[in-house]
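After this come two complexes, each holding subunit A, first together with subunit B and then together with subunit C.
== the complex of A and B ==
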């Protein structure tokens, strides 16, 4: 008697698992010309999974208290066996996640995959990008270093520019007039419980949307034709396509391994890329270090605030840019997805990338 | 066409095996650091000796301290005579109390009683308390 087959049959009789597996794996067909950019979702899932794992084990030793947080992180780095490895994987992993999130965003924009009927997939993905930012912001404070303390002070201070409620909002974010024990408590709770729960819910919805609506065809090649819009729900099928498993899962897995190789290479050879010198001193609320800068993915926002004569204008421009991105599928309603036939969009797309990179470099050297 | 398809399938199987093998190696390589990370770590004072100033334990009194990560107790039954014992009851692991009036240990969980030398006087404990080596070094007592 084959025990595995018996177990499978037992489950199958009750839950119909073989049908479920077939319809989502071997029988789930993807476009034949699907490209490598479609693997970024799987790469991000793997990287987030690793963040969950390393985050949980770091919690074994981390103490969320202003008097003990820095010492506990120092202990993890210097005394706990392989503590340095798990912390570096967590730190470097968070930065790589931002890279892959941005690449995912750019590829979806370039291929027009955000367009109708995928507005909800886009909105949930955009929400996940912002959750990524929130994970980074809240996690940044936890080591309670000079860098953590002052970067959080500057980041939370920006909310003060909002008229009428600004001061209250700053105090609410910090749990008091300045960054302190209350800030650490709420950022810790958000980082390890609030945000992960929101993330799991949103990623579940995102994947549901992807599966329910169907994978969008890459808008390249002579065979591509824009999908006609319908008034009713339509699942995009790809008859004659390649099966999700094993064809695409192998490609997904290969890219996941490339991402892990990059993660391990930076972790072993250049972890200092993401851990500047100010991160090595414990927080001192009475001494602001010189040239305090946010992480690279916030540099564009940091520089925007410096360019505008008023902080409110800077914040408003950031809000406008993010708001525009969020509602893009509702503004860009044409079914055309081929980049060659969308010259205005592609020009704006390239300008947007240049602006992001330019502001970030400017912010870094300013 | 079928040759190409078969060839492609073979390459995919080969790639799958390679990726699986690399994954297994990575999982193996990282499970050791993870295991070591989660294993108990030795802190200072948990290994070797513990030094306690002599005046901290009075004649007929007891001084509780941590030795190798576990509660221990130092007694001075008579002037200049020191005894160091584990403070963990051998019954179910509760921490014994020193009853100065009776010059004996009492376990608050199930009323096990031990003599100042750690011998069982009564109650459920199956074994005496563990004893440690004590040495007098000037004004300090060394427990090892």
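== the complex of A and C ==
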């Protein structure tokens, strides 16, 4: 008998693996009108997976010490076989992850998939978005370049605007009065251990919510009707739907291929898109670069801080915006998900996108 | 649960306060020289505005680096006790600049220009200006400037002799900058070019056409080795792009094949 089949049968007799696979793959039915936006989850999983892989290899060569960090990154780029490829995949990958996270957020908002009973799915997803920001922020410091040093100096300094605890917070974040060895140690530990562990826990919970509650139907087409809300737990079934595997996994796979093609294209042809000039020089605490701008996904926040007369007001407005997004499913309680029947929401949604893009462009050129 | 959410909210706020970006370019600390002279009119204030446009300012060379004094103390800023030199005499300018530009000073002083210094021959600022000094280029040798003192013909011959090597140096510097931009460690190449550039500048400050002619060939030989190293890097980058193109094509093809397979399922659905 085939050894693989025998091993499978052995597992099946003990854990019911066949049944588990069937109920989560071929027997797991998705809505017939499921669209391309639903593949973003799989794309993000693949991209994060690649970040873990490249990150682990980079970890072999990177030295988290202010005297050696920049030199170790230079060595990775120039001496380690394919080190440049690993690092660029990691840097470009982090930026593409932010693109896909934002697209995922926008598609979920547009299709109203955040609504009851999926509040926990939304909250965990929103948490993952913020973890993505935190990954980027902590990773930014690690090369110990001029950009790393000064961007972190300014960013941690902003925490000082918070009343009462501001100064303590700045000292806590930096591990001292200024950005230095202690800061690098903290950010490194967070980037390679703290955040990945939080990420794995949260992504597990997010997937559990998606599977447990059932995937939401796209709110389009004549057949769509809002789901009636119940007081009890209800798993949304899609009788007559398409099997998750192979019918939808192959679509996931195609989108993963296209996303990886974009990643590889930028990595090989334009990695400098995400690496400003100041990132090419080692950190020098005694020479302040002329202009330090944040990464594109923080430009909106940067410009918001500049618009308000006080830094505290700027921080508060950002906190309010993020807080509003976090609790949106608890505020927007109508079961209606069809965009055409939610004109006010769609208008606000478009205004929000325009505001994000406008502030980012303004921040870039300011 | 509420506490957890509040805590989470605080963390988000903290993170965002951090993210809140890095700009706000921290203004460079200005010396007392700049603070005081920057607010003055006329010849006492003009040098500050001129200096801001200079190659010295771009490289962090400030007033006190040349003029001495204490840049942190208003009262003692111009005290000789703190090393204040002030404005040098005309004939003292080469020594003044030569504290940093040692090699160029040596060759200049040995040249016809340097020999004529005591009788009003050109010093450093005649060609380079003082506070608005720019990155030196071959264009500093021009009819307007040279004709102030003598016929342009000899200067034109010097310019002609050095122009090819000068153009090579400029081109190689641009190539090294492009390699640096894509993450290549160009430290050694930069140092080599910097040394060549300095040595070459020393050479043409002699304004000795025969010497320039005889040594320019050696410079070209040295630069050809640097050029070969740069070409090697550029070839490797070209190969990377080729391999990258193949990977991109394969991934796009994979995506298309997966979509076609999906279509076969759709037909059965």
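In this section, the second predicted complex is superposed on the first by the 366 of 366 C-alpha atoms of A that agree within 3 Å, B and C clash if a C-alpha of one lies under 4 Å from a C-alpha of the other, contacts with A are read in each partner's own complex, and residues count from 1 in each chain.
Note that a residue touches a chain if its C-beta (ideal position, glycine included) is under 8 Å from a C-beta of that chain, and two chains touch if they have at least 3 such contacts.
Owing to the predicted nature of the structure, the values given are computational and were not obtained by experimental measurement.
On the superposed subunit A, the positions of subunit B and subunit C overlap enough to count as a clash. In the superposed model, C is the one of subunit B and subunit C that contacts more residues of subunit A. With both structures placed on the common chain, the touch criterion links A:80 to subunit B but leaves subunit C unconnected.
Residue contacts after overlaying the shared chain place A:236 against neither subunit B nor subunit C. By the touch criterion defined above, A:60 lies against subunit B but remains apart from subunit C after alignment on the C-alpha atoms of chain A. Shared-chain residue A:6: touches no atom of subunit B or subunit C. Using the contact criterion defined above for the overlaid structures, shared-chain residue A:246 touches subunit B and also reaches subunit C. Of the two partner chains placed by superposition, subunit B and subunit C are both touched by A:254. Contact with subunit C, but none with subunit B, is seen for A:169 once the two complexes are overlaid on the shared chain. Once the two complexes are laid over each other on the shared chain, residue contacts for A:19 go to neither subunit B nor subunit C.
In the overlay built on chain A, none of the stretches 7-15, 61-69 or 115-123 of subunit B clash with subunit C except 7-15. Taken together, the two complexes place residues 246-247, 250, 253-254, 257, 260 of subunit A in contact with subunit B and also with subunit C.
Subunit A makes touch with subunit B in their complex at residues 57, 60, 79-83, 85-86, 246-247, 250, 253-254, 257, 260. Here subunit C touches subunit A in the complex through residues 8-9, 12-28, 60, 180-185, 240-241, 243-245, 247-248, 251-252, 254-259, 261-262, 265-266, 269, going by the rule given at the top. On the subunit B side of its complex with subunit A, the touching residues are 12-13, 15-16, 19, 22-23, 26, 33-34, 36-39, 41. Across the complex, subunit A meets subunit C through its residues 32, 74, 77-78, 84, 87-88, 127, 130, 133-134, 137, 147, 150-156, 158-159, 161-162, 169, 173, 242, 246-247, 250-251, 253-255, 257-258, 260-261, 264-265, 267-269, 271-272, 275, 277, 280, 287-294, 298-299, 301-302, 304-306, 314-315, 318-319, 322-323, 326, 363, 366.
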